[in-house]
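Look at the two complexes coming up: subunit A is in both, with subunit B in one and subunit C in the other.
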Partner chain A sequence: MIRELSFIDVLYLIAATRWTLALTAIAFLGGGLVGLAIALLRVSAWAPLRWLGAVYVLVVQGTPLLAWLFVFFFGLSIFGFTVSPWIAAAASYSIYAGAFLGEIWRGCLQAIPRTQWEAGASLGLGLTQQLRYIIVPQALRLAIPPTVGFLVQLIKNTSLAAVIGFIELTREGQLTTATTFRPFTVYLIVAAIYFALCFPLTQVSRRLERRLHVAR
Partner chain B sequence: MTYSFQFRDVFAAWEFLLDGLVLTLELSLVTMVAGLVIGLAGAAGRVYGPAWIRRPIAVYVETIRNTPLIVQLFLIFFGLPSAGLKFDANTAAFIALSINLGAYSIEIIRAGLEAIPRSQIEAGQSLGLSGLQVFRHVIVFPALKLMYPALASQFVLLMLATSVVSQISAQDLFHMASIIQSRTFRDFEVYILVAAAYLALAMIFRLLFAGLYQLVFARR
Partner chain C sequence: MSLVELTDVVKRYGTHTVLNGVSLNVERGEIIAIIGRSGSGKSTLLRCVNGLEPIQGGTVTFDGTIVNDPGTDLRKLRQHVGIVFQSFNLFPHLSVEKNITLAPKVVKHVPPAEARQLAEAVLRKVGLAEKIDAYPDQLSGGQQQRVAIARSLAMQPVVMLFDEITSALDPELVGEVLKVLEEMARDGMTMMLVTHEIGFARKVANRVVFMHEGRIWEEGPAAATLARPRTPELETFLSAVLH
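Moving on to the complex of A and B:
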């Protein structure tokens, strides 16, 4: 049934944005945990652990996010699981974000000079204590601008969850298009909402980066 | 686990996968060339152009970089026909991917151009190089060399992102996977196989880019 595109549709699109944000939050949380593990593996003193981290990053950064979504959503049902779009999306995005956040944070950890670790060791701190009291507080400051930058990527990439039927902004746009048959206007509104979410974050990330460079 | 994996049906449809692979490669390569051209021209305009050129380029870059590729694709493929511009799926895919990669390339190359010290340009001028020679040898070449790793990884990400064009029914590798899935119901096998194919492609592209760097930049 075709009906006119009206203001209520715009409200529906804005309402669907909360699912985009919810998925982003889940992905950031899950990806943050995975990423932390990957970053620590990558700076580990034992080579096989470093390789494990490297292979993870290589594989995830070398495959499309879309493939992960499809493997989890369609593929896992053969093992007798019924996978909801929520579970499939949460798992795929955690895996995906973990690889990128892991690489970002590894870079930040490695940017802290070796001598800082040694200074900690010479004060009698253990490895976890060195990380906790010396390395992480300094690395955190470096990590914030690129992490905010990646958040923008994450928000944009949640749009791919639409293809497994996860109702978020892009999917809502598809549904609205199907009933109103006004694809140009609808997708323009959808794009505008994404822009409104992402542009401020881009600016924040850029400003933080600039401030970091001035401070050093 | 009672499921037995059967890749046979999937491999039996290898001609589909090959067709899809060819389009994925075509899309990637053409888009990379277009992206580099847009990136170079756009970055030059963004850094050295007058304000009426700088502004629109900045708006283009920010708009594209802050909206999802799939929405850009839908806008071009589903949206533009109502404005009288109708493309087939492959053309729409080429256009959307080029516009998208172009914006990212401009931003990357711009950072490279801005990293070239003014004194280096003046040194070139004082050696009697013409404006074009300075631009080519003193500005663009070192800037590209500087930003090569960022550009190369952006290009590999783009190759992976081409999978999104399957959603407007362009017949790329990922779309072929969906076709095989609906024929054989071997969901897991086909998507794992396609993921592996993309992984192999990503590694091949990375190797090629590393080789290209040695060829073009390393010895100078």
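Moving on to the complex of A and C:
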């Protein structure tokens, strides 16, 4: 049944955007936790931990996100697990974002000169205290621009979750197209909504980058 | 028993031997100037005292504690051994006050109000009381180095190590930092300083240690050793530095 594209469809698309945002939030939170762990593994003093972190990053960055979505959604059902799109998406995106955020944050941690660790150690601070009071606060400032930059990528990449039936902005666009048969207009609207989400973030990221550069 | 005792200390980086059997005792209240060419091992020697450099042979003891014993709690030891670096190494994200109070608060659990007073007191000692709320990048090199000294003093160390602390400074800023050291010397602080300021070493140090090729080549009372070097190496070094 084909019907006219109407204003209500646009509202539906905007409403579906909340699932895009929710998925982004989950991915960012989950990925943030994984990423923090990976970054700490990668700067660990113990070599096997560093290797573990490196292997994780290597594997995840070398495989498409789509493959992870398929593994969790379709793959696990073969073993009798029914996995909801939410769980599959949350797991896949956390794994994926964790590798990238981990690498970004590792770089920021390593950008802090060794002498800062030494200064802390010389004052009697333990390793965790050096990290918490000296290294992380400085690394955090460096990390903000690239992290926001990755967040923009993440928002756009949530559209991949449409393939496992997760109804977010892109999937809603597909459904709207199916009933109205107006792919050009519908996908333009979809693209415009993504742009409206990403553009302000890009601007913020640029401004932060400029400001933090001046501060250095 | 001396406060700091180094016995046959050997330090290698790979196949390169930096310290080749160094023995040195430092008594309480003594001021020792360590001089020598770059690469002679003088900075490494200093960094062995607070365990920043692991050693491959010999022993380093501080107040009876073996520094290079794996069972030694270096965090505890470092509360008593202050070090000031050539490049200041202040924490750029923290104000002068926070730079000074971080370790007392975190390591010694000094309450905040008391920590602020402590910061004020040590800043007065280095003549920078009015800079307590400034950030490191708002200070000149000389001021930053004085804050670094104050930060060390706030832990009330028993001995202070100074690793070429005036080498990164513009010539006109060296004086203000050396003045602080002189005052500390008058207060009876035990100090080991690696320095290129021969004039200052002669004036303030009790003893001079000349390092050459990873060994203590010559040592003795400051004035006599610098005036009448016994080895040609020290003589050459002095004539090179004093021009």
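The rule we apply is simple: the second predicted complex is superposed on the first by the 216 of 216 C-alpha atoms of A that agree within 3 Å, B and C clash if a C-alpha of one lies under 4 Å from a C-alpha of the other, contacts with A are read in each partner's own complex, and residues count from 1 in each chain.
As a working rule, contacts are C-beta pairs under 8 Å (C-beta built on N, C-alpha and C of every residue); 3 or more make two chains touch, one makes a residue touch a chain.
Since the structure is predicted, the reported quantities are computational estimates derived from the model, not experimental observations.
*Asks:* Quick check on the subunit A-based superposition: subunit B and subunit C, clash or fit?
*Replies:* In the arrangement built by aligning on subunit A, the partners subunit C and subunit B fit side by side.
*Asks:* Looking at subunit A, which partner touches more of its residues: subunit C or subunit B?
*Replies:* B
*Asks:* Quick check for you: in the superposed arrangement, does A:I134 touch first (subunit B), second (subunit C), both or neither?
*Replies:* After superposing on A, A:I134 lies in contact with subunit C but is clear of subunit B.
*Asks:* Identify the partner contact of A:T115: answer first if only subunit B is touched, second if only subunit C is, both if each is, neither if none is.
*Replies:* second
*Asks:* Regarding the shared-chain residue A:L125, is it in contact with subunit B (first), subunit C (second), both, or neither?
*Replies:* A:L125 sits against subunit C, while subunit B stays out of touch.
*Asks:* In degrees, to the nearest 10, note the angle that opens at the C-alpha centre of subunit A toward the centres of subunit B and subunit C.
*Replies:* Result: 100 degrees, to the nearest ten.
*Asks:* With the two complexes overlaid on chain A, what is the closest approach of subunit B to subunit C, counting only CA atoms, in Å?
*Replies:* 26 Å.
*Asks:* Would you mind listing the overlap between the subunit B footprint and the subunit C footprint on subunit A?
*Replies:* none
*Asks:* Which residues, counting only subunit C, touch subunit A once they are in their complex?
*Replies:* 50, 52, 74-76, 78-79, 81-83, 85, 87, 89-93, 102-103, 106-107, 151-152, 155
*Asks:* If we count contacts the way the header does, which residues on subunit A are in touch with subunit C in the complex?
*Replies:* So the residues of subunit A touching subunit C come out as 115-116, 118-126, 129, 133-134, 137-138, 141.
*Asks:* Tell me, which parts of subunit B touch subunit A in their complex?
*Replies:* Interface residues on subunit B, with respect to subunit A: 1-3, 62-63, 65-72, 74-75, 78-83, 156, 160-161, 163-164, 166-167, 174, 177, 181, 187-188, 191-192, 194-195, 198-199, 202-203.
*Asks:* Which of the residues in subunit A come into contact with subunit B in the complex?
*Replies:* Checking each residue of subunit A against subunit B gives 58-59, 61-68, 70-71, 74-80, 152, 156-157, 159-160, 162-163, 170, 173-174, 177, 182-188, 190-191, 194-195, 198-199, 202.
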